[in-house]
Amino acid sequence: MSDARSDILARIRHASACLPEAEVKLALSRLGAGPSATLPHPDLAIAFLTNVLKNQGTVDIASSRSEAVVVIGKYLYEHHRSRKLVAGNDARLAALPWRDAGLLPRFGEAESGELAALSYAVAGIAETGSIVTCTGRNNPAANNLLPEDHIVIVALDDLVERYDEALDALQSQRPRGINVISGPSGTADIAMHMVHGAHGPRRWHVVLLGHVPADCVEHAQALAGLANERQAEPLPDA
Amino acid sequence: MTISSNDFIAQSVVALQEAERLRTRKELGKHMPALRTRAVEEFGDFEGLREHVANVRQHALDNLDYYLPQFEQQAIDNGNQVHYARTGAELNDLVLSICQRHNARKIAKGKSMVTEETELNHHLERAGLEVVETDLGEYIIQQAGETPSHIVGPALHKPEAEIRELFLDKHPLGPRELEDPPAMVEEARSVLREHFLSADVGIVGANALIAENGYSLLVTNEGNGDLCANLPNILIVCTTMERVLPRARDAAALVRLLTRSTTGQSISCYTSYYSGPRRQDDIDGPLETHYVLLDNKRSDILASDYKDMLQCMRCGACLNHCPVYIGAGGHAYGSVYQGPMGSVLTPLLSSLEESHTLPSACTTCGRCAEVCPANIPLPDLLRDLRHDESRSKLGSGRWRVSMKLHAWVSQHPRLYQLLTGLGVRTLHRMGRRRGGFSRLPFASGWTQERDFPAPQKDTFMHQYRKQAAQDE
Amino acid sequence: MYWSFDLTPTQGVVDHLAATVILALSATPLRLVQQKDSQPRMSESQQPQASQRFQVHLFVTCLADLFRPSIAFNSIALLEEAGCDVTVPMSQTCCGQPGYNTGDYEATVPLAKQFIATFEGADYVVAPSGSCAGMITHHYPRILEGQWHERALDLAARTFELTQFLSEVAGLKRPIEQRSDVGSVTYHDSCAGLRELGIQTQPRHLLNTLCRADLKEMERTDVCCGFGGTFCAKMPELSANMASDKLEMAQASGATTLAGGDLGCLMNLAGRAKREGIEIEVRHIAELLAGDLATPAIGESSQS
């Protein structure tokens, strides 16, 4: 098989400029990172939440870890009438004040049919409305994919503006896998009809943890065009 | 592949008569461009992005001799095994031998155009392996025994009712309604979930290979690619060598461009980067990971005037915007690659003999090049392929000779004006009453579908000459 | 430009040639053979006078020459109204698009050179067709090499499509009282003009400022009509499907006139409209801008 390798590399060399390494590197360094998307709002948190909503996610904000646990409990109860939750062996997740919401997650790998899994994102990307997890002990890949609901906590301090910033930040860690998630699993393969829950989670819920103004969710909803429905409601006869 | 690319015309006529499918394609041709336009407008400096990515990819292709070995070394350092395949057959053999080495029985496969190109499934199935396509669109056409009709939405040609029948027939789940797409997706989800959990090998493609760190990028909306890449014990990534990008940030830039062009999303639901096998503390992940890098004429293209085509990121925008594709449908192209990109790529990957009709299946309207995120001058490349065709005398001899004749006459202005004057005055006399012709002996291609408007009384040149003579 | 028609499958090249000759003989050859030299004699009466005036060479385009001279006459009228001295080089024929688009670059090169030699003396070359102007500005430089490539680039910089020239270079204006009513118009953006030359606002601007037009935009006005030169004869069914879609959108706009800047597209659309019994007048933009509604629309009877 090494034949195929040397064959192919020889053909490529034949078709390439075969520049010295220094020149290639110099040329590369001149190519910057390129433009990123215009944010829907100058405030990083509002921009992030807006894009999460546009990606068909749902959002909550929590100003403290205790509040985060409470909103997660509420979410679980609302959707599943349940308190079951699986989470990776992430120290940050283990350290949450779970008792405040009467929850106790199972720490480990999600199984097929699991109702909900919780991840603690390593970053949130405002540009795209994405959260980033790294596969490994902290967050087995299955936890992103097998449950019905995927709940993700993102710390306000971990928000970045640009997609490439998030990748560059992980460069030195070299995790096994980097998963940038931007919505519930979706497909439009049948009659161009969008359906969520193709293979992975049917719902994707993002909890932004940190001190953000209380009205930033409303703001984001308006920017994502979700507030229109409410405004369109006829005024009650007075 | 039973349909030959040179049957394009006959196949397109068949496709035009399938009313429901034609309607679906026209919907696609209406909605996808609208979604893309909105996404492009929202982005901001989309032109700058396009140019940036084109420059990066150009740089990567120009220096592939540097970046491919760099990627290989990084990937090996990450614990992968890297293999090369000169041809589709070599790729198929490599994949089969990896599967056999592990006594694999079932393979869960993500969407991969490269393995469509090499017809990997047939090869593995002939050796007794069970291959399950897990992208819903791919799964549908696999169950139906069909080929993809669109590089992004392989089952877009299938109406809802056909998919319902197919599922009722193929899934032994007893009587049930499957009343709407959500119900069908739900059923496919539970059937495929079992396959994910029991597969021995996962096979996926790659949207990019990152040289600086040896990662590969996979973009999906369903999440099936991630399931294939993380649940089975063996992972095989099949891709082609021109996918190499220098840096992680280049992959980010590519995603910005790709998903907006494909579906109008700012990013797809899952953009995942894989480095290699499971590590010591990991709870899940593959135990062994392989890259199979396919050439299959890419190195020829790299050295040719068609090099730009290697920048194609398989976004499908050129299909969605191509009125010929919308009319003809994907199957008429007789290839896993359809539309404008297919009409360029198919002759380059097979041979012009086998597919010389495709480059002519184009009005050179240029809408594809206008939206192509990779800035590929598709109409120019198609015209250049016609040039190759014309030089190797593959197409219709009548066309070739009449073009030569036309060019020759046009080089002799007086003869040209004499002949055109005679012809025009004759046509005018014959056609002035009705205003046009419903049949003309030398224009049957034209008059088959439309009237031929009769000319005004004489050519301009004669009228003008006469007028000037009178003025003197 | 495109007028090489498909031969019926039973007919060979010899038939094609024979038919051309028969057509030639059946008319009145003698008078024509006596035609004198075909140099731009005509231009003498229009020699440049004031240095301010634009010296324009009109490329009639072969389709307008053959099938719709009114386009060229109206173009001349518009250019003169805009203060141009118009010359019509009498040795012009075809820009070579049919051969070029079918991939016969070898046959196109001599035509390109002939065109350049004929027109390069001009300050400006104007053509009432986006695809012909695009051929000169974009494609000649692609297929010519060396010194000819340079000459092609030089000419390209001075070559314009009619509406582009009238609005961007000559800045043609017309007092309100001289603007004639041209009714409701929908404008089809022909592909080459739109994408190679960026022609989109110019014809609309002119329709609004030189005439009284009720502009009604159709949906997806930028989608190809299916003409595509030889494409329409090689793949007639696909082409017709595209033309029908375009006509459907044009009709839905509510306009009574469908206008465009490329005669090839317009003949395709008019012919398809006739075949399908769709009532819409198809006209070249030059006719509307010049207020020439007396000439029957494309494909309409010239005896009423």
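For reference, chains read A, B and C in written order, and residue numbers begin at 1 within each chain.
As a working rule, contacts are C-beta pairs under 8 Å (C-beta built on N, C-alpha and C of every residue); 3 or more make two chains touch, one makes a residue touch a chain.
Since the structure is predicted, the reported quantities are computational estimates derived from the model, not experimental observations.
Overall, the chain located most centrally, as judged by its C-alpha mean against the mean of all protein C-alpha atoms, is B.
Chain centres computed from CA atoms place C at the largest separation from subunit A. Per-chain Cα centroids separate subunit A from subunit B by 30 Å. Note on chain placement: the centre of subunit A and the centre of subunit C lie 54 Å apart, centres being C-alpha means. Averaged Cα coordinates give subunit B a centre that lies 34 Å from the centre of subunit C. Of all residues in subunit B, those touching subunit A in their complex are 24, 27-28, 31, 42-45, 48-49, 52-53, 55-56, 59, 62-66, 68-69, 78, 83-86, 90, 94, 134-137, 140, 153-156, 159-160, 163, 180-182, 184-186, 189, 192-193, 196-197, 213, 215, 221-224, 226-227, 229-231, 241, 246-249, 251-253, 255-256, 263, 265-279, 281-285, 293, 295, 299-300, 302-303, 307. Residues 1, 4-5, 7-9, 11-19, 21, 24, 27-28, 31-38, 51, 54-55, 89, 108-109, 112, 127-130, 135-137, 140-142, 144-145, 162-164, 167-168, 171, 174-193, 195, 197-201 of subunit A are the ones that touch subunit B when the two sit in their complex.
Those residues of subunit C lying in contact with subunit B across their complex are 4-8, 11-13, 16-17, 19-20, 23-24, 26-27, 29, 32-33, 35, 38, 41-42, 45, 60, 62, 64-70, 72-73, 88, 90-94, 96, 98-108, 110-111, 114, 142, 191-192, 195-196, 220, 222-224, 226-243, 245, 267-268, 270-272, 274-275, 295-296, 298-303. Those residues of subunit B lying in contact with subunit C across their complex are 9, 12-13, 16, 26, 30, 323-324, 327-328, 359-367, 369-370, 380, 383-391, 395, 397-411, 413-414, 416-426, 432-436, 438, 440-446, 448-461, 463-465, 468, 471-472.
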